[in-house]
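Each of the two complexes below includes chain A, the first together with chain B, the second together with chain C.
Let's turn to the complex of A and B:
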């Protein structure tokens, strides 16, 4: 049983996250330790295992990038090792520029404006890649899945840039 | 996680940070990135007509181990021939910097950056 089936949801990227959260609560209640207080130790252990699986499933489906990764995994799309180096030169050049943009934020005359602008730039580029991945996942052909996997890898770089920006904000507005 | 002294040294005093003119026919540029951590590494080598690396510069956005790995690589490749540089293995980088297992990929990234730069050099030579 895959995670979508566990939650009784259609295997689609655009899922109803509210419903996902509701089903999660319901499933967790069904395996809550209180219900197994008088059960055999084996049943108790099974309930604990089930609970942890429900949790894993929820975490994988809740976050869009993790959900995309999970969908590609169950579709059998060959995905490059997480640790493998990425060599799309144009893309990496852009990443360097974006990193430089973030590094320069603190020298800006108007830091608020610089952060706002950086956030916008990152969001627009993230959205562009995200929308392509969304379409490719819906298409669900071998080729489209391959492209989706490529876009997912790129999106991870943007996720990292977002974290960097958050860190920068914390640092600059600490005082 | 504790960094080794060598990592800290390279991190605090990185060697050869900067850029070379990527349009110079003698300059080879290698760009690599690691999706797992979002690190981006640029390694540039200036190679003489005799195939000797006379200068190396790097620019890395990433964790301390990634910066140390690329900094170390620029020191190692200087004065080496293309063939010698191509033989630098990530295991040697990891060993020199005493990288823990979770940071081995940083040394792989640095090795891949050398390869990418040498490929760029080759394609510049061919064209």
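Let's turn to the complex of A and C:
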């Protein structure tokens, strides 16, 4: 049983997250270890297992990038690992530029404005890649899935940049 | 003790008697016990009418004092009177000494197992906490009139694995059956949430004596889903006291180190000043110096607030980060719950109100709200409220990972993941022909091993020699609903396995606990045996009842033969449980467990199916 089936949901990238949350809570209500605090140790152990699985399933489906990754896994698309060399030179160049942009934020005259601007740049580029991945996942051919997996990898770079920007923001606020 | 009733197999065991269960708030400064009595959660009082028990233990020649009686010795006998043991529990010596350099205790023991030297010998912080828990347990049993089925014990959300495990050990030592370790902010939300029936995002700001926690939760139809939690496990009201004490030392022109008794006097005066300044504009401080002279000083509210401003700002920064982790903003927050005695400080209330742009909830006594929430949860877990819709979905506060080459940490489970959770990750060998692998388990957010908390080390041996990178070592992390971790490692091609309940490297191992229990009993041998027999009999009764009620509702999932096997195992167990044969009871419990394995699995799957089908009916 895959995670979509576990939640009784159609295997689509654009899923109803509201409903996902509802089903999740319903499932946890029936298997969470708290429901078995007074049951036999056998049932307690099973409850921990099932509840863990449902938590994992929920996490995999809730976050869009994780959901994409999970869908590609069940479709059998080979995922290049993170350390594998990236062939897209254009993309790598752009990443270096963006890193430089983040490094310069703290020297800006107006730090708030610089952070705002950097956030905008990251979000616009993220959105673009995200939309193509969305379309490719819907297409669901071997070729489209391959392209989606490459886009997913790029999106993860943006996610990391975003985290770094967050950290930078925290740091600047704290001093 | 009331004897547990066992029904004839095949017969229903209803009606259930009310099971005695309590919630315990094991605090840094004060502890409380509460229980649900005729539908209402209330704190339980000691014989003298007080419900707050100071978390202080004093080791005297002829007796061990706990609470107010121990507090009386705090100044005159500081080395033997342990206050705030919660700040020491599950921590390394280096950790303690860096954080609290002026503690009046003498430490001994090794780096990972610090102990305190008292006139009663070496005492582990776990033992100190267990004395507090024992006192509360006796109080509860006296006031409820029977033996407890179990207790929910609260811990700061920010407690790491070692601190949680040590708390559970302390409970075990005190003879308490832990139904669940519950995060303090979640407990507070339970206490309020059920009262007000709110739905939406709420923030729980918990500033206790020694810890600060901030939790962001989403409430929906009785489900409390913790979205994120953050804070500082070493920041609390005691730090306000320290700030005042440091200021006084400076004003009085004193030079540290001071005598333990003067240090204790300083912190107690500082604490009193803090409390007075919650309602007064200034207060008078009088110290008796080592040369017998008196020193007086007037401390204004303004000075006090300037002393603690930085600490309060530190808590708000944690709030900001945690909101971000929860992916909500302060505008989404519909309610702010205040917990912990330190939230009585007016500056704290003022700053929290301006940060969340709304006045925080303070209607339940901030010192009692945690114990009350824990009691409500205990009542449900004990099975007294089978129809309750309430469910708590908590998270792990700090990421868990493994050391990899170069002293780096690879995260296996990231913080704010809902528990229980199980995650596996594969690693490989670094050298050709490598036959063993050291697994070093860490907790924390930083990337370098040295900046994280080391939880445990163990080795996977007998890996068949292969080329570097050819072995596939699968390491599995399992975190249960108490937030406790278990790690196992397996080489996939050969099935060589090693596993560990993350325990020995910090805190106590099973043997040590057993020894402590033994030491604490006068007639060790008989008592231990009696205790073990009783434990098995209670467990047998629990198993029989659990299986019986499972049969009552889901007998249909079994064939006649399967049913017969279970029923016969059950009636044998009922017979054996009447005897004194501890080992036989244990064996028969295992037989019942084996016989019901498939049944339990089917029941679980059937309830998942029911939950799902209910869902599609809603949709139609």
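Heads up, the rule we're going with is that the second predicted complex is superposed on the first by the 167 of 175 C-alpha atoms of A that agree within 3 Å, B and C clash if a C-alpha of one lies under 4 Å from a C-alpha of the other, contacts with A are read in each partner's own complex, and residues count from 1 in each chain.
Convention: contacts are C-beta pairs under 8 Å (C-beta built on N, C-alpha and C of every residue); 3 or more make two chains touch, one makes a residue touch a chain.
Nothing here was measured: the structure is a model prediction, and the numbers come from that model.
Undergrad: A:70 contacts which: chain B (first), chain C (second), both, neither?
TA: neither
Undergrad: If you stack the two complexes on chain A, which partner ends up touching A:56: first (chain B), second (chain C), both, or neither?
TA: The second partner, chain C, only.
Undergrad: Could you let me know whether more residues of chain A are touched by chain B or by chain C?
TA: The partner with more contacted residues on chain A is C.
Undergrad: Report for A:92: first if it touches chain B alone, second if chain C alone, otherwise both or neither.
TA: A:92: touches chain B, not chain C.
Undergrad: Contacts for A:130 in the overlay, against chain B (first) and chain C (second): which applies, first, second, both or neither?
TA: Neither partner.
Undergrad: Applying the touch criterion given at the start, work out whether A:4 contacts chain B, chain C, both or neither, answering first, second, both or neither.
TA: The answer is neither, since A:4 touches no partner chain.
Undergrad: Chain A residues touched by both chain B and chain C?
TA: Chain A residues touching both partners: none found.
Undergrad: Flag every residue of chain A that touches chain B in the complex, lowest number first.
TA: Answer in residue numbers: 82-83, 85-87, 89, 91-93, 95-96, 99, 153-154, 156-157, 159-161, 163.
Undergrad: Chain A touches which residues of chain C in the complex?
TA: Residues in contact with chain A: 150, 179-180, 220-221, 223, 225, 317, 320-321, 324, 380-383, 389, 391-393, 417-423, 478, 480-481, 542-543, 545-547, 550, 592-593, 596-597, 600-601, 603-604, 607-608, 610-612, 614-616.
Undergrad: Would you tell me which residues of chain B are touching chain A in their complex?
TA: Counting only chain B, the residues touching chain A are 31-38, 40, 42, 59, 61, 105, 108-109, 112, 116.
Undergrad: Under the touch definition given earlier, write down the residues of chain A that touch chain C in their complex.
TA: By the definition above, chain A touches chain C via 7-8, 21-23, 25-35, 37-43, 46-53, 55-56, 58-59, 166, 170, 173-174.
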